[in-house]
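The structure appears below as structure tokens.
First chain written, first letter: the chains are A, B, C, D and E, and each begins at residue 1.
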Amino acid sequence: MTTLTHVLPYLVAAWVFLAGCYGLATSRDLIHAVGCLSVCQAATYVLLLAVGYRDGATAPVFSDLAPGSRPVVDPVVQALALTDVVVGATVTALLLALVVQVAKRHGTVDPDELSELRG
Amino acid sequence: MHHLLPLLVAVPLLGAALLAAGGRLVPRFVAQSVACAVAAGTAALAVLLLTHSSPPLTEWAGGWEPVEGHSVGIALTGDGPGLGMAALVSVLTLAALAYSWRSFDEPPHGHAGAFPALVLVFQAGMCGFATAGDLFNAFVWFELMSVVAYALTGHRVEEARAVQGALAFAVVNSLGAYALLMGIGLLYARTGELGLAEIGGALNAHGPPDALVLAGFVLVLTGLLVKAAAVPFQFWLPDAHAVAPTPVCMLLSGVMVELGVFGVWRVYDTVFSGPGGLPAADAERVLTVLGALTAVLGAVMCWHQRHIKRLLAYSTIAHTGLFLLGIGTLTPEGDDGVALYVVGHAGVKAALFACAGILLDRYGSVDEHVLHGRARPLRGVGVLVVVGALGLAGLPPFGTALGKSVAEEAVGGPLTVLYVLASAVTAAAVLRVAARVFLGLGPTPEDAGGEGAADAYETTGTGEEPETRQRLGRVPDTMTVVPALLLAGALAAGAVPAFGTAVARAMSEATSAGLVHTSVHWTPLGVGLGLLSTVLAVALAALAVGRPGLLAAPGWALPLRRLQSGHIGDYVAWLLVGTTVLGALALPGILSG
Amino acid sequence: MNGWILAAAVVLAAGLGATLRGVVTGPLRRRAAAQNLSTALACPALLLLAQGYARPAYVDLALVLAVLGPVGTLVFARLLADELADDPPHARTATFTAAALGAAVVVAVSVATGPGRALVKLLVIGALLVGGNLVASRALAGGMQEGRRD
Amino acid sequence: MSPRMRLWLVAAGGAGLAALLVAACLDLPRFGGDRHPCGDRAVEASLSRHTANTVASVTFDQRAFDTLGEMSILFAAVLGSVVLLRQTRDEHRARPEPAAVSRPVRRYALLVLPVALLTGLYVVAHGQVSPGGGFQGGVVAATALHLLYLGADYRALERVRPLAPYEAGDALAASAYLVTGLAALLAGSAFLANTLLPYGTFNTLASAGTVPLLNAAIGMEVACAVVVLLAGFLDQAVEIVDEGESGERHDDPGRPGKRERP
Amino acid sequence: MTEAVIVVALLLVGACATAAVAVRDPVRQSLVLAVLGVVLAVLFTVLQAPDVGLSQLAVGSALTPLLLLLTVRKVRRRAQRAPDGPAGRRGREGGP
């Protein structure tokens, strides 16, 4: 049980990443594909935060906590994950803007029906 | 001096912000002048820093100098290669902005500053990536340049192909970026560090490499190789480069793809080259195999294109393969050669894209068959294309030729043959285009009308809209002067002897191996090989123009062309396969270690 | 043993587990209702966690969720009105259960917190949570448009 | 490539990647382990600069250069979306008909709107002290504005949302971040160094030197950026009509259903 | 106890992410993604990262669904009203 919980967060991150990739590769709808890409990105948040966790520790925010009174988790990964969330949201928006234009110019959002750009 | 390093990012960003804020108030002319001034200023700054980069500069952003060897801040590395790339980026940005001065379409209403602002942000992202000394910071700038590149690629939203290419580009590159981030997470978990040098040191302290190091290496390299368009991560590149506006193509092909190669070099050299990293034999195998595949695929596909921008895009893939082969030797000579080659290639490739852009704006097509003989009046442009093709082939004394000859001697054996062949074939394809389009040589192709004839797995160059509002009656001077200057620069890179020596010194100071004195100069063998590939290119082109039937697309290339299916799902599947291949290629050393 | 965290774990496992099942299966109306319930249940869970970790600072999360959760549901109600109009979701029992749970948790945490600024914040959260949840579920059930209330 | 072929490729590539990731997971330090050298140094550095929220210290002080990149990504994405979602020559705008939203929803929206805006400001303002900061608060505030669309109609939103000032605000906030960084450089320190202002009293709003300034700049940048971003999408979804679409537009998605069922 | 709640949150995230991939219709997927946003925020809270949790809530609960649904609306409107758009093809309709 304990050995499992010691790797479970990492395994969940790996699973989520692979699931997102699978969805992206087999998607029949570009909007769905963009959603799958954000699932892939969720994996990176999970991995980063799992890496920074420390048993029995609390958040490194000292507004309601005397510094040094309790162990704290790693703030660096949190800052990285924070940046990552922003990046994810903006990339999603930009991709959706492109999907809107693809729908306009091709009349479809099914990747199977996009027949340009071959060879 | 080192405090000025972050300005390479801050200045273009500030320029972009001001352009975005004031863009709707000022006329287009002012916006473009401001953008050019900012790009030029950044270029000057990069060159200034470059002249002071010996010994390499290190800046801790926010003034967080290391205490007892550890810093909580972000390191910026201002060594020769990094600043050299930043200078190259800035010069090309300036060239792209100058090129788009007259040619580019009217901006969307009320957003006169949007296009130049985006180009400046692109420059900032690339400069930031080139000078990053911190893995996560490198990811941030990597993502910034990707995001801007997606938007710039899809800039012509009326074009069906442009938005599709931009979407494929965006999906594949974003996935690559997330893989890179997963790798960063794994490496941070092991080492607790984010600085490149610190991660390397901590890995070495930990002991021999294990599966974690392998996974970190594979994931980080996946991200960078997607950017560098190595096989099998290359599918997005032709789709994006063929449809992006010409000034953007110049930047994408000229430097952004090369920054992926630069990233591979930097990350391997700083992080994974120690005893705790990946054994040299494995890294060599990974880079050599992928490089060789990339060069072959790029050259073959390049030969079979009739869409001129797509043809140039594939030639970029072929050359990326050659760069990977060069750094795959893991020798100082290989690095020196590639560094010079990248500089020369940037000038030549940007100039060729600029010429393709002139064709597009003048005739509303970039199809080799349709344009047959039509560009005879554009004699000057024709000369530029031929000169560019010779530069691509590696005719001495181009910078490409010097870099190629140094790299050829470093790789040795059958890979030298690959170097000669790949550069010859890509150059021959360009020469073929020049002979048909500008001279009207050879029989008129049957499908010169532009309709039909193309099989399902061929992208023709018809149906592309000019980037200017109307077709150009006369080619503006800026559009011809810029490629001419770029070609002159590429020529100077090889012809000025001090340049090669300076590059070699900068490279040796930057590598973790320490100072190794290498000499970069013309050798009889190098000159001979350069001449050989030029002669081969001319012969191939002559054959293709004179006897088109003899070299018409053979059946065996069809499966290769079918792989480029334009389907995003396929590209993602190949990306997954690519990570597996990377892992398998790097596995032996981990198992034995 | 921390009862607050245990309670949060139960709410998460049972409540969010059930809404997850609801949002994945069945007709659209059921999925939309389940999405609304997920925010209505996660908010009390966040309050319980803040109390369990003895970190009043974490209450901000519940505050933001109480504000934005119903907004998210309104997004669905507004933009899916076409699809939901023919077959409006009715999840009265579940909605009221969630609202009651939210109210109970707010009361329990308030009692544990005692008077002060934190209490005001908790009461605001409680009001936003219960009110927002009820309005959002009503909007889903076809109450988005004038004259179509039922 | 046929779907079956693609599936095989995904299976092969995915299996390889899965094996690699699982092997790496087994080699990772165990979850919840006690070794976080970088994190401990960051906490120390944060306390030395009187920043109660260590994450804010990492984001806006120690790794402020990363945040500059993050902000630029948002800035670039907004600029890119504006360009990508622009009204092209073959499109025109149709005025949406006002929607009739039921009274409880409208009341709720108008009631919550100020609360949500305040929440956003609160989250931004306390960034250096408690969880939150410019990004989180900015998104909350910008989302709050769109309650007008959800609770009233698109015209009501457009009245409080002239886009030009928001676009300018986005760019100016980005400039403000850069200028704060440059000011430190001009003052003789490094770019983005937190040396301009006194560090203040721990755990108050006026602590942590330039962190609150950068935080506020990001808050404004994000709020404006999200408004502009959503405006692009709303315009496309509600107003902009191209030749492929029927010109008759209504802002109220429920209308046809209503007409069909008198 | 803290470990149990982490395991619960992790399993919820895993299940929700899988569901978000498996649900093929974009409208339904955006509902699942909204729930995924909330579940991720809970996970970040139990991993003691309230800052990240807040930003995930801010982005995931209303902003991302709004963007997704507006895109769906634009795309569907074309598909329904314009059987022959500029490209002359009928858009495939993914949903009900």
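Please note the rule applied: a residue touches a chain if its C-beta (ideal position, glycine included) is under 8 Å from a C-beta of that chain, and two chains touch if they have at least 3 such contacts.
Here is each chain with its UniProt name: A = Dehydrogenase.
Note that the structure is predicted; figures quoted are calculated from it, not measured.
Separation of chain A (Dehydrogenase) from chain C in touch steps, taking the shortest path, is 1. Of all chain pairs in this entry, the one linked by the most C-beta contacts is B-D.
Comparing mean CA positions across the assembly, the chain most remote from chain A (Dehydrogenase) is B.
Summarising the inter-chain layout, the chain whose CA centre lies farthest from the centre of chain E is B.
Put simply, the C-alpha centre of chain C and that of chain D have 23 angstrom between them. If each chain is reduced to the centroid of its CA atoms, chain D and chain E end up 17 Å from each other.
Taking each chain's centre as the average of its CA atoms, chain A (Dehydrogenase) and chain E sit 11 Å apart.
Distance from the chain B centre to the chain E centre is 35 Å, each centre being the mean of its Cα atoms.
Contact of a single residue of chain A (Dehydrogenase) with at least two other chains is seen at positions 5, 8-9, 17, 21-22, 25-27, 34, 43, 50-53, 58-59, 61, 63-64, 72-73, 76-78, 80, 82-83, 85-87, 90-91, 93-94, 96, 98-101, 104-107, 112.
Across the assembly, chain D contributes residues 6, 9-10, 14, 17, 21, 24, 26, 28, 36, 38-39, 42, 53, 55, 58, 63, 66, 69-70, 73, 77, 80-81, 84, 123, 126, 130-132, 135-136, 140, 143, 146, 229, 233, 236, 244, 253 that each touch 2 or more other chains. Shared interface positions of chain E, i.e. residues touching 2 or more other chains, are given as 2, 22, 48-51, 53-55, 57-59, 62-63, 66-67, 70-74, 78, 82, 84-87.
This structure has the following touching chain pairs: A-B, A-C, A-D, A-E, B-D, C-D, C-E, D-E. Interface residues of chain B facing chain D in the complex, by the touch rule stated above, are 3, 5-7, 9-10, 13-14, 16-18, 20-21, 24, 59-64, 70, 72-74, 76, 108-111, 114-115, 117-118, 121, 124-125, 128, 136-137, 140-141, 143-144, 147-148, 150-152, 154-155, 157-158, 186, 188-190, 192-194, 210-212, 214-216, 218, 562-563, 565, 567, 569-570, 572-581, 583-584. Only residues 1-2, 5-6, 8-9, 12-13, 16-17, 19-20, 23-24, 28, 31-32, 34-35, 38-39, 42, 45-46, 49, 53, 55, 57-58, 60-61, 64-65, 68-69, 71-72, 75-76, 79-80, 83 of chain C touch chain E when the two sit together in their complex. Only residues 1-2, 4-5, 8-9, 12, 15-16, 19, 22-23, 27-28, 31-32, 34-35, 38-39, 41-42, 45-46, 48, 50, 53-54, 57-58, 61-62, 65-66, 69-70, 72-73, 95-96 of chain E touch chain C when the two sit together in their complex.
Of all the residues in chain A (Dehydrogenase), the ones that touch chain C in their complex are 58-59, 61, 63-65. Chain A (Dehydrogenase) contributes residues 5, 8-9, 12, 15-16, 19-20, 22-23, 27-29, 31-32, 34-36, 38-39, 42-43, 45-46, 49-50, 52-53, 56-59, 61, 72-73, 78, 81-82, 85-86, 88-89, 92-93, 96, 99-100, 103-110, 113 to its touches with chain E in the complex.
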